[in-house]
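Across the two complexes that follow, chain A remains constant while its partner is chain B and subsequently chain C.
Take a look at the complex of A and B:
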């Protein structure tokens, strides 16, 4: 192999790569938070008796689960552009990730909710709790335990998929890497460093999540 | 003076069909190779001792914690830098197969570990050889147990195959991207692409849920 690695240019650009990594983290966490809010609404709509809301939620969930993430991003960037709604690359990636996260998490939440036996609710009512109290103190804590791991996985997935921002010119970790390598032609070095940074990022998220779970659930999961 | 952009016409269907075909080919290839390798790696991991397991596991973990798009770019530039550039199809199928393997091995390992050791002891006590135990007892039971997860991973591979477009493979999304730049009709084309993926993916995911529900009871 007669390829010489030149790492200097990568280290000179480290601040920019790090700020790219920050944007990656930023967009995925934001997509996760917004996704959770919409997913709760979708899960409620799917369990609702009103046919209309139930259908809307089902269509959303099925489209999000059965089409590629890259398709969603193109749809948000080029598709909406054709309709006269011009999103910035950041907004396009964010809205695509929110759309998909909401679709996946809605099913997670619904499954988690339905896995709690309804007798738990009756029991807490019979102990004199109000409806709100029984959801808040009895149903939700049990539910959170069951959906915690799927939610962590979804966040990791968001981080990995935000790398698709490279294709619409977003300046997150991959996009920044792409731009820097095209300036210096050190493609291999830059992408190796980006890969390492993604690896560290996902490990940090998993580590943080397990710390948080220990604090939240005190080891009972 | 003629317009720079020409609208979508029936003569484009050949290009679109090529894209569809290429998407199907690379997905099926990655699923078949990934499943075969994943089965072997999953079996080895469920059998081997802790040291081998951790080593193998952390290697596979890298494949799962680095975005596919980075892996694709990295692999194809690496091969180029080493002086043996690969065709997009070859590089894409290698990376996608290994990526699939990383997920499949985890699925199969779980399957093998779900077969209780007493079942193996029972099989051995009936005079079956080690190989017979694997072939007649452990494999059928674990394969049945992991079928829904296998289907889930396969579905995500079909969707992830869209990413191979970044290294220049003409799959469906890339052909549509080229059509978009010629026709300037992104909405129509993208909706068509979305419908294609949905038609492939939805029946399979529906079937997967059906099987899961049936097995749960």
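Take a look at the complex of A and C:
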């Protein structure tokens, strides 16, 4: 054990690491937002009686939940590339994360929706509310409370999984770290700092999320 | 007036209502008794158009409830409904529960809706619980909230579906007292109930449902204390 730590080179490169971290956050949040939109459609399709939509959604969810994230990223980057569709590393990682997020969140949304007793709907209808009003004021707010924390977890997962972007040459936090350590040979230092930055990033997300939830949800379920 | 004429209702192969006819006049309290599966709750759901019917007609103030042209959301404003499982909205305070429908359905101003909600909540004895969340309250209190929430819409009729069945015995009294109060004030009510004492003392008439038909209907005290139909006699001897 005569390894000597040299942190200076890491701190000199902090601006680059920070811009890598920004890309990480950027791709994860965008993948989350797009994932949510598609997940809503998938969840509706899965609960729909039209067989075709239901099957498409089921296949999507099954693949997304039961194959490695690495496989999705390779499919988006190399797989589509082989077919003549060339995505940038950023676009490939983004589309893979959107695909997976949508698959996971679709099940979260479906479960959340089905966990609200149908009697809540009857009760709001009995007060003269339209179907839209019943969903908007009664069903969705209760559903949002139940799926809020699973959604936060999914965002944290996206941040961590975006590090796989390193394998297709993306310049997010891991990719940047990889490049800088290979130039400086301070592998351990760079990856320790990168890990700390991931940790801080996810903690910030969790903190922000719990602040927001306190503002949004006053009542209890 | 609510007029039910030869109503049939099936769930799949199971025919739950097999030709039910009855009238409820303004200001009248009708209690509906009967065993489970006799169709008494289904009738309320059909009157409120939460369930469709297969045959027959239901008129509320001469409006055909199940006609395609009828605006059912509008019609339900006249028909307050309270359920066995009170169904309070858990993400809103007691006051918000009662003020929501007046505000978004009747398009009242926020102040107006809150004023009406507050009045109805005081009416059922929940004046000190306005800012509490319903999950913090007892079943009896939540059921009274459900009654106040329905009353805040100023309905002409109240449909009550076994509103005390899911309550702990010591909480039944407070809810029945609230219903007594409503009856004294002249509210028109159809109460599906297992409380024979309540049916006898508070309602004007009692209908006994047996396997989807009305086996006996008549003046409340007579049906409960001196039933004519052997089926009613058998039922009442069991529940007493």
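In this section, the second predicted complex is superposed on the first by the 218 of 221 C-alpha atoms of A that agree within 3 Å, B and C clash if a C-alpha of one lies under 4 Å from a C-alpha of the other, contacts with A are read in each partner's own complex, and residues count from 1 in each chain.
Methods note: a contact is a pair of C-beta atoms (placed from the backbone, for glycine too) under 8 Å apart; a residue touches a chain by one contact, two chains touch by 3 or more.
It should be emphasised that the depicted structure is a prediction, and the values quoted were computed from it without experimental measurement.
Visitor: Per the contact definition in the header, classify A:161: touching chain B only (first), chain C only (second), both, or neither.
Guide: First partner only, chain B.
Visitor: When the two structures are overlaid on chain A, which partner does A:123 contact: first (chain B), second (chain C), both, or neither?
Guide: The answer is second: A:123 touches chain C but not chain B.
Visitor: Between chain B (first) and chain C (second), which, if any, makes contact with A:33: first, second, both or neither?
Guide: The answer is neither, since A:33 touches no partner chain.
Visitor: By residue count, which of the two partners contacts chain A more extensively, chain B or chain C?
Guide: When the residues of chain A touched by each partner are counted, B comes out ahead.
Visitor: Quick check on the superposed pair: does A:142 touch chain B, chain C, both, or neither? Answer first, second, both or neither.
Guide: The answer is second: A:142 touches chain C but not chain B.
Visitor: Considering only the touch criterion stated at the top, classify A:78 as touching first (chain B), second (chain C), both, or neither.
Guide: first
Visitor: For A:217, decide between first (touching chain B), second (touching chain C), both and neither.
Guide: second
Visitor: Going by the contact rule at the top, pick out the chain A residues touching chain C in the complex.
Guide: Against chain C, the touching part of chain A is residues 117, 119-120, 122-130, 133, 137-138, 141-142, 145, 217-221.
Visitor: Per the contact definition, I'd like the list of chain C residues that touch chain A in the complex.
Guide: Touching chain A from chain C are residues 48, 50, 73-74, 76-77, 79-81, 83, 85, 87, 89-93, 100-101, 104-106, 133, 135-136, 146, 149-150, 153.
Visitor: Within the complex, which stretch of chain A touches chain B?
Guide: Within the complex, chain A touches chain B at residues 1-3, 62-63, 65-71, 74-75, 78-79, 81-83, 156, 160-161, 163-164, 166-167, 174, 187-188, 191-192, 194-195, 198-199, 202-203.
Visitor: For a test of understanding, state which residues of chain B touch chain A in their complex under the given definition.
Guide: Chain B reaches chain A through residues 62, 65-71, 73-74, 77-78, 81-83, 155, 159-160, 162-163, 165-166, 173, 177, 180, 185-187, 190-191, 193-194, 197-198, 201-202, 205.
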